[in-house]
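Listed below are the structures to be examined.
Okay, so chain A shows up in both of these, paired with chain B first and chain C after.
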Partner chain A sequence: MAECEAKSEVTGSVWKIVTEVGQKVDAGDTIMIIESMKMEIPVIAEEGGTIKAFLVKEETPVTEGQVVAVLES
Partner chain B sequence: MSEAAKDAPTTGWAPEIEELQFRRAEAQRLGGVEAVQKHHDQNRLTIRERIAGLVDGGSFQEVGGLTGQGRYADGKLTGVTPAPYVMGLANIDGRPVAVGGEDFTIRGGTSWSGDRKKGGQGGFIEDLAASYLIPLVNLIDGSGGSVTSINRRGHAVFPGVHGFERSVELMGKVPVISAVLGTAAGGPAGRAILSHWSVMVKGTSQVFAAGPPVVERSLGQKIHKEDLGGADIAVDHSGTIDNRAKDEAECFAMIKRYLSYMPQNVWEMPPVVDTGDPADRAEDALASIVPRDRRRPYNMRKLVELVADKGSIFEIQPTYGKALITAFARMNGKVVGILANNPMVYGGAMDVRAARKQTHFIELCDSFHIPLVFFVDVPGFMVGKDAEAAATLREGMRAVYVALQASVPMFTVVVRKCYGMAGMGATDKNGLDFKVAWPSAEWGSLPIEGGVAAAFRREIAAAPDPKAREREIEAELRSMASPFRTAEAFGVEDIIDPRETRAYLCRFIDAAQVRIRTTLGPKARYGVRP
Partner chain C sequence: MARSFNKVIVANRGAVAARVLRALSEMGIRSVAVYSDADRHAPWLEWSSEAHHIGPAPARESYLNQDTLLAVLKQTGADGIHPGYGFLAENAAFAKRVTDTGAVFIGPSPRWIEDMGHKTRARELAKEYGLPVGAGTDVLPAEHAAIVAAARKIGFPLIVKPAGGGGGIGMLIARDEAQLLAAVDKAASLAQRSFANGDVYLERLVEQPRHVELQIVADNFGNCTHLFERDCSVQRRHQKVIEEAPGPNISRASIGAISADIASKLGSAGYNNIGTVEMLMDADGAFSFLEMNTRLQVEHGVTEEVTGIDIVKTQVRLAADEKLADVLPTTPKIEGHAIEARVYAEDPRRFFPSPGKLDVFRPPAAAGVRIETGYREGLEVTPHYDPLLAKVIVKRATRDKAIDDLIEALGAFEVRGVKSNIPALVTILGSDAFRAGAVHTGLIGELIK
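Then we have the complex of A and B:
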């Protein structure tokens, strides 16, 4: 099984984590939502897989390119 | 007297033709079987394979195939080590181009000098492109200058003895494309960047000013060449090279695709292609693609796909400056340059990278007479300490500057936010200034939520519930900010049903084609950019 990293495209803060560890997601699904520039910016799964771990918590800051979740595909 | 002279025929030139054929066969061998195998083992094609993979079958007419170093025994030719550069005239999709590249299997593509240079900067291949006004494709795989040239020549060569003057001249005349297919440092790296569009291959190519040995010597920094200048750095992080290909085959397909949007030179119109996509196609999905909730982004790429001719979009620098999408596309078969803000990235705010990308793309399209279509959703320039430290405002004003210097027709479609100087920078203020808006559009000098806090500070602070008062004032202003009110005053030229966007744009893009024909030729540029 390959691991794949989900990254935040933007600097901001984690607003809502809308998935759970162990949940299966398809490519294009939203994993969590980052708030940046008064927008709710989704972190979108590039490939389908199962959520292995979150590396951030809600209401914590993130920087552009930061890995926020790890998925197993 | 040599054996050949003793056996010379009394008529005809058979021995010489035989020698010609032998020399040509030697040129085909490049660096020899072992060197070619080593090259293949690294997942890299030879320069002859690359040219064959790129151009129309059988169309490559090589020039200078006899260059190199002959090996002689008793005055008789025993073999030739070819010069490490292969080039000539070829067709790509039926159109003549000048194409050439280094042969890495011979001394890493370096260290040959004849009376005339073949390729790289200032070589025959650049002269060919300039003389015939045809596109130039550089297939770069050379490691550049070396200190060994001091030994070879017996003196130090002044840098730029073969200069970039011709390379720069070409930038205003014909499409110049460079593909980096190996490790490019120094001259070859510079050559790659002096192009209208550049592409590199993931994993097998790198671009840097100088490689790991020089970096370690200069800075004590130990770094692997892939970390120093691989696609992750050179394309995604820095935008030094425009696009990345997953392998050489994809690279050739991308080169052909890019060329299909460009004219042969700046004196010609971009090629029109019948894409078979009806100009009045109206996609229902456009009616609801922009969420009513202003905090929610949407897929701007999908929006543009629903408007442009199907399958016609070619994105340039997709992995850099992601707050902006820049792409060639067709509208009813006519080439356009699309600039679309991406609300998924900083709400579409223009940061320094997006600004840089916009500046380059506007100049490119203006030079090659490609009309621009802006799909606007920009809250303004990026704000904050990091943005200021990165000179966002200066880079943004540079983008504004080139738009005001451009003379190609521009069309502005305001999808949602259009604020401030970044918003203004997406309009054709020096031209027709033709803006159409969707009902979801909103505009102003700055967004209401930022402006109210600043302009009504005292009133808000004095209120019993400051947050509530701030929201009240915002709601009042927002009620007057309907785009329809601006349309009443002809502050925006039209508001349209999003589904009408394609048909509306196609009408005007078609009508503007005649006007483009009146301003063909090189674009003069005056003034100094900020």
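Then we have the complex of A and C:
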């Protein structure tokens, strides 16, 4: 099983986590949504897999490039 | 009998607060600015008659805090509140609370704000008023068979949209039946988790649409007219970047007829104050209703430039029970062409926000270039608010000349300390497609990769 990381592309805070640990996602699906400057920027699954862990909670501040979730594919 | 305002609160920040405060000052109306911790040193505070601190930087603890704003209303003895755009501008409950105190909410009546705030209800109303509405459904039922039947009725491709959402979240395209149920499930789940409302509906997808909107102006007595259209097709992340008036490559006869018709229908329905009817225009030039914004629009400036009408002052006078015929004594006309570019603090290629300190912030000072901003050099652009640094508006006799001069103005705009989208704006304005007026909502995606 390969692991892959999902990163926030922007500095802001976690607005909503829209998936659950154990959930299967397809490439292109939204895992969570980061809010910055009144914009909602989705964290997108680069490839399909199962969500293994979240490294942040809702309202956690995040920085650009920070790993926010780990997926297993 | 028209009234006149004694003192008006501007319940907003940034460029729109600056714009409204300027209008109030020119009208001789005393003004109250409000500010959060983050905006203590904002330049627009100096343009108000008095300024009140309303809380910490996060908007829900300051600019969205209704109780605090109502306390300021009471404390200052103001008799009106201008909500600007964003924050509480389309919050019917807030408008009602303001009205209940006896003060005037400078905008349409709360029932209009409420009706137009819910997307499928707004579509129903638009249909009822005889506005052109594209094929779409009501909120979808849960049964798969019923969803498929509803989709077949309007045809593919279609788009699944959250009924209570915004910002493009949970909007998914289904090109055929095989994609439909998965798209509906995903959109509903996203909408539920994002907006605590999993209601979604379907609309026929218009490919490469243009976004054309109509400026509505109405008094409190059933009189309604329009100030022509704006084209706002150039967008990224469902947010407008470049707007212009009039819209290029639109038949004047066709847009004139539909505009007059919509204004007359909204007048009969009792719409009041100002508003904007947003429409999609397809490749054949047919219009369909998208939504109605019951407030001042960010891009109102381009309409002001080509009509010579100050929309903010108009809005204030109409809210004071003045008659449309007194506020606009002559038939509005378009002269020249105006284009606005929104300068955002964001990466110019991927359009991600870029907060930081404005080490250098020097808008162009050339004659005939209008700048609307709430910032000045040395201020911090915080992650708490939207990334708009400034609007740069140019009006010239022709569209070509307006494009040339706007490109020149943007080239002279110095911003350092945060990333800005200026390079992207120049690329778009300088493109053959934009020059030809071949704009559509996917244009930025084609030009900037």
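Definition applied: the second predicted complex is superposed on the first by the 73 of 73 C-alpha atoms of A that agree within 3 Å, B and C clash if a C-alpha of one lies under 4 Å from a C-alpha of the other, contacts with A are read in each partner's own complex, and residues count from 1 in each chain.
In the analysis below, a contact is a pair of C-beta atoms (placed from the backbone, for glycine too) under 8 Å apart; a residue touches a chain by one contact, two chains touch by 3 or more.
Predicted model, so just to flag it, every value in this text is computed and none were measured.
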item: First, second, both or neither for A:M37, with chain B first and chain C second; value: both
item: Of chain B and chain C, the chain that contacts the larger number of chain A residues; value: C
item: Partner chain in contact with A:D29 - chain B first, chain C second, else both or neither; value: second
item: Which superposed partner A:V18 touches (first chain B, second chain C, both, neither); value: second
item: Which of chain B and chain C A:E9 touches, first, second, both or neither; value: both
item: Chain A positions touched by chain B in one structure and by chain C in the second; value: 9-11, 36-42
item: Residues on chain A engaged by chain C in the complex (per definition of touch); value: 9-13, 15-18, 29-30, 33, 36-42, 64
item: Footprint of chain A on chain C - complex, ascending; value: 59, 86, 167-169, 186, 189-190, 193-194, 237, 239, 345-346, 350, 352-353, 355, 381, 383-387
item: Chain A contact footprint on chain B (complex, rising order); value: 295-297, 322, 343-347, 349, 379, 382, 386, 449
item: Chain B partner contacts - residues on chain A that touch it in the complex; value: 9-11, 36-42
